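Listed below are the structures to be examined.
One chain, subunit A, links the two complexes that follow: it is found with subunit B in the first and with subunit C in the second.
== the complex of A and B ==
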């Protein structure tokens, strides 16, 4: 299909502003009379607050001090439920939980004051592991420490064990991971009688913040306004947490009567905000003599931290992805999110799937070994095809050819030749460097799970101006991933204009409709489609009015807009999401069409392991995926490269060191993310099969690369060393111990 | 920035004499501030307890790399970037250049100084093991005079050193006797760049007819101070590198080091990797 701008790497909409330093992030904003705010946090993981002492040589009368008593509405950060307090009142449930807020115009004195508040806590025993939470050593949340559990059943798993030739078991673990957006969290709030509460900040989901503030302040919808400032990365970390910091800034602003800015430094951001959920997965798999999967029994648990936040939804995605892109007649998945006394774990690119996909793809290499066939052969014999049914009962109606993706990935990586070559070279027992190559095959569902999109009922508006510029109004946010640019491309394509003629209106709940949160790989596919439809409607209005003829130029379009607006005052279109009638989901049975579409992928990693230091280096990485039509190749490849880099961190480097629920390595020197010299060339290849319901045929892409990177690397390490990797991150310390065990 | 800035003071003396006078007049009050690459990190975190600093960054007397027949002398304010650019050092003291290149980021290498690295006394620092291997001497000056000490005996215990209130490290002197020595350096950091050492191994040996005639070995991050592995050296002197010699040397090393578990690594890892790197050094000697 001939296109104007779709499939072309047009420059980023806001790129020039960013590279010239003109883009204004929240910490660049200032208001007259503005105060700075800080948060005083719990020193203990769990306990009863006995007293708060304001000590030291501090002019306390100059400070605005806020505690739970100052909250006008409900003391909660409303999300799925209302269990998380905005400020701890009587009990604390995790280290660094917010207890007291302070504001002052001198931010240095403010730090001195923060150090001079002593929160006295009568400690209670805490829970710091999935095991202890499941064993109910203490009950710290609800009746049983369980936020949510799911049960997925397809066929009859228990009937399969008897006829299995092999039964392979294994338990796999993944650790917490920091989102590490470049710009730490920050927010400015202003509260006054006339307008109510307004916040400006670094955030992904303006309407989440909006809802939380309504409940916290007990104010109606129109008295709360949330504006997104330029946002320097999110990765899920700015999905739910901005509601907390916005709430804190707004409470201080209300009490002081002045605008208040709260900016976290890196240390506070790391120690207090959300991380990827740690997980534990147990697999028991029945396999026939010829390597067909007869039954998959999967038990998946994530550590949600102290409050529910988004854990049920993270668990849901992890659960649905746990059985992968395979056709297996009998599947049972039991899963749960449990409470511990750590700061709540939250949204992070991949949202539960990287955890369960790691377990599955590592496990399948072990299954192949048990059966005595090559790992790719096991996958080939079980890959799902069009018309077959996924674990949750979804019949795959898309064209899918995992074999072709596997073939392409192997061809690009030289997989077969290297597999052979490395095995030969590694047989020299004295060799200091061992090499390995491994892969993972996986899928990732785009959009909200099940009936999620139906409930969200996202909305997008579009308005043409008299000069012919077209404005897109949506709550979807740009945070570096390219929303502005692809929206402009989609609208420009539909209107047959250039991208420069399209403007993206700054997300502001007072002016834009709620197009849903910017999460779940849904922005291009779901909201992008609404943008496309809004553009089509706008064009139809203009045409039907007689102002615009076939074969129009940009000038014709502008003239027509001017004429239309003169005649009718304004030219707008408005679109609301309509759920496709043939997508069905049963929330009770947890079965049906989990996602409108999936991205499909095979990733290959090549590693070398230094046997003297157990350091792993990724030498080459090939990422092949089918994502529907690619809207902007440079941005799309950037998404994959960045995701793979983050996946390499997840697999090898990023290790949160916990001490009684507190991250003790909350500095970038000691929480180690890979730098550019630690990364290989990342070779990205897109296969494009246009998706009928996506804008110009696009599917979701953002989270996908986090799923397959870590297991591909773990499988490559196993190939290189013979070590049975069961947990990530594979630090040099853990690998050295495993190597000693293998060679003992 | 978590520090309360108004509580801090910094003064900039005109020259070395003025600096030493100031240090002598108010003993223990002023702490020298060189490149600031360690101190600024603490300041940012609000964890810099000392409040009064003497900015010595501009003291010309503490700058420059001087090459003489017998020695190369480096001013205490020599930065890692300057170390890497010096041709004599690259030729005769390559380990120092490698350690400098392995330290921090480019920005750190432009500000960080050898003297500051010594005085900061971190057992995880990258250049001190090399200074031990080259048997560096350091000149310590005060208003009362100057003295030279061997760097290998400068640090006494964790963060303790042979440096009194009122004294400054002025220069570092390397004797030009290592031409022809086989030299080895390996930093095992938490990643390949901008990383702090988990273990840092520096060694050099003079070989005569296949035997180790002389040898110096120092290891960072395995003891409260940079460890000069004298017992390992003893076990190696006069020997031909080989499996039995390696075994004995590794055992000596294991007895000498006292690594700990911390947030960057484990004692077990450091212990084993130190042994392995010693093995790699002996392979270099045999090769």
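== the complex of A and C ==
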């Protein structure tokens, strides 16, 4: 299909502002009379608040002080449920839980004041591991410490064990991971009688913040306004937590009568905000003599931290992705999210899937070994094909060819030759460097799960101006991933204009409709489709009016807009999501069409391991995927490369060290993310099969690369060293211990 | 509350123009730039010299402005991101970052561009290892650095061909 701008690497819409330093992030904004705000947090993991002491040589009368008593509405950060307080009143349930807020115009004095507040807590025993929570050593949430559990069943797992030639078991673990966007979290709030509450901030989901503030302040919809400032990275970390900071800034603004800015420093951001859920997965797999998967019994648990927040949804995605892109007649998945006394774990790119996919893809290499066939051969004999059924009972209706993706990935990486070469080289026991190559094959569902998109019922508006410029009004946010540019391309293509003629209106709940949250690889595919439909509707209105003829130029379009607006005052279109009628989901049985579309991928990692220091280096990385039509090749490759880099961090470097529920290495100095010298060349390849329901054929892409990177690396390390990797991150310290055990 | 040191007057050449400001001697140069001089293009990512988002050039050396006390700016030649483009005309490195996807969320971009300029001043035709080494003090969480490397290479090629 001939296109104008789809499939072309048009430059980033806001690129000029970003490369000149003119883009305005929340900390770059300032208001007259503005105060700075800080949060005083719990020193204990769990306990009863006895007293708050304001000590030291501080002029306390100059400070605005807010506690739970100052909350006008409900003391909660409303999300799925209302269990998380905005400010702890009587109990604290995790370290660093917010208890007191302070504001002052002098931020240096404010910091001294923060250190001079002493929160006296009568400690209670806490839970700090999945095991302790499941053992119910204490009951810290609900009746049983369980936020949510799922049960997925396909076929009859128990009937398969007797027929199996091999039964392979294994338990796998993944650690917490910090999102580590380079712009720390921040918000500015202003509260006055006339306008109500307004906040500006670094955030992914303006309407999540909007809902939380309505309930916290007990105000109607129109008296709360949320504006997204330029946002310096999110990766899920700015999905739910910004509601908390917005709430705090707004409470201080209300009490002081002045605008209040809260900017977290890096240590506070790392110690207090959300991280990727730690997980534990147990697999028991029945396999036939010829390597067919007869049954997969999967038990998946994630640590949700102290409050429910998004854990049920993270668990859901992790559960659905746990059985991967394989056709297996008998699958059982039991899963649960449990409470511990750590700060709530939350959204992070991949959203539960990187955890369960790590377990599966590492496990399948072990299954292949038990059967005595190559790992790729095991996958090939079990890959799902069009017309077959996924674990949740979804019949795959898309064209899918995992074999072709595998073949392409192996060809680009030289997999077969290297597998042989490394095995030969590694057999020299004196070699100080061992090399390995491994891969993972996986899928990632785009959009909200099950009926999620139906409930969200996202909306997009479009307005043409008299000068012919077209404005897109959506609640979807740009945080670096390219929303602005992708939306402009989709609209420009549908209207047959250039991208420069399209303007993206800044997300502001007072002006844009609710397009749903900017999460779940849904923005390009779901909201992008609404943008395309809105453009088509707008064009039809203009055509039907007679002002615009076939074969129009940009000038004709502008003239027609001017004439239409003179005659009819305005030219707008509005679109609301309609769920495809042939997609069915049963929330009770947890089965059906879990996602409208999946991205499919095979990733190959090549590593070398220094046997003296146990340091792992990724030498080459090949990422082959099918994500439908690629709208913008540079942006799409940027998504994959960046995601792979985060996945390499997840696999090797990023180790959150916990002490009684508190992250103790909350600094960039000792929480290590990959730098430019740590990464290999990341080679990205797209196979394009247009998706009928996506805008111009596109599917979701953003989260995909987090799923397959870590298991590909773990499999490569196992190939290089013979160590049976069961947990990530594989730091030099942990690998050294495992190497010593192998060679002891 | 401890008595704070008195403010001092500091004179420097900032983005090509003579400039002076009053600051506490140990105030972070980053804060002076952002708050007193309203040059908010320089960003704070970590406040401990790890991320490089606050990178600026002082007398031709790339420094983390969060670790530089204001008094050290006395007599120095300073370049921030605001001094890279000439009016509306972008520097070749800035253009390359736009064309080749070197900027995503943009928060590391000002520091990264200064690091790239500093690298190119030292190595006008850097090889892959020199590019990686030259940018290794600047963290980017979005790109995986690949598009940043491509941007630097493209800027060099542009300079060579005079395009």
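Here, the second predicted complex is superposed on the first by the 744 of 744 C-alpha atoms of A that agree within 3 Å, B and C clash if a C-alpha of one lies under 4 Å from a C-alpha of the other, contacts with A are read in each partner's own complex, and residues count from 1 in each chain.
Keep this in mind: contacts are C-beta pairs under 8 Å (C-beta built on N, C-alpha and C of every residue); 3 or more make two chains touch, one makes a residue touch a chain.
Here the structure is a predicted model, which means the values were calculated and not measured.
*Asks:* Which of the two partners, first being subunit B and second being subunit C, lies in contact with A:195: first, second, both, or neither?
*Replies:* Touch status of A:195: no partner.
*Asks:* Check whether A:180 is in contact with subunit B, with subunit C, with both or with neither, and answer first, second, both or neither.
*Replies:* The second partner, subunit C, only.
*Asks:* Considering only the touch criterion stated at the top, classify A:737 as touching first (subunit B), second (subunit C), both, or neither.
*Replies:* Touch partner of A:737: subunit B, not subunit C.
*Asks:* With the two structures laid over each other on chain A, which partner does A:675 touch: subunit B (first), subunit C (second), both, or neither?
*Replies:* both
*Asks:* In the three-chain superposition, say which chain, subunit B or subunit C, touches more residues of subunit A.
*Replies:* C
*Asks:* Which partner does A:112 contact after superposing on A: first (subunit B), second (subunit C), both, neither?
*Replies:* Once the two structures are laid over each other on A, A:112 reaches both partners.
*Asks:* Pick one for A:28: touches subunit B only (first), subunit C only (second), both, or neither.
*Replies:* Second partner only, subunit C.
*Asks:* Which partner does A:641 contact after superposing on A: first (subunit B), second (subunit C), both, neither?
*Replies:* second
*Asks:* Taking the superposition on A as described, I'd like to know which of subunit B and subunit C A:156 touches: first, second, both or neither.
*Replies:* neither
*Asks:* Looking at A:613, would you say it contacts subunit B, subunit C, both, or neither? Reply first, second, both or neither.
*Replies:* The first partner, subunit B, only.
*Asks:* By the touch definition above, which subunit A residues appear in both interfaces, subunit B in one complex and subunit C in the other?
*Replies:* 108-109, 112, 265, 667, 669, 674-675, 677
*Asks:* Under the touch definition given earlier, write down the residues of subunit B that touch subunit A in their complex.
*Replies:* 1-6, 44-46, 188, 190-196, 198, 263-266, 268-269, 272-273, 276-277, 279-280
*Asks:* In their complex, what parts of subunit C are in touch with subunit A?
*Replies:* Where subunit C meets subunit A, its residues are 1, 4, 34, 39-48, 50-51, 53, 80-82, 84-85, 90, 94, 97-110, 113, 131-133, 135-149.
*Asks:* Subunit B touches which residues of subunit A in the complex?
*Replies:* Contacts found on subunit A: 107-109, 111-112, 115, 265, 267, 432, 612-615, 617, 653, 657, 664-665, 667, 669-670, 672, 674-675, 677-678, 732-733, 736-737, 740.
*Asks:* Going by the contact rule at the top, pick out the subunit A residues touching subunit C in the complex.
*Replies:* Result: residues 9, 11-12, 14-25, 27-28, 57-58, 108-109, 112, 179-184, 230-235, 265-266, 479-482, 634-635, 637-638, 641-646, 667-669, 673-677, 679, 681-682 of subunit A touch subunit C.
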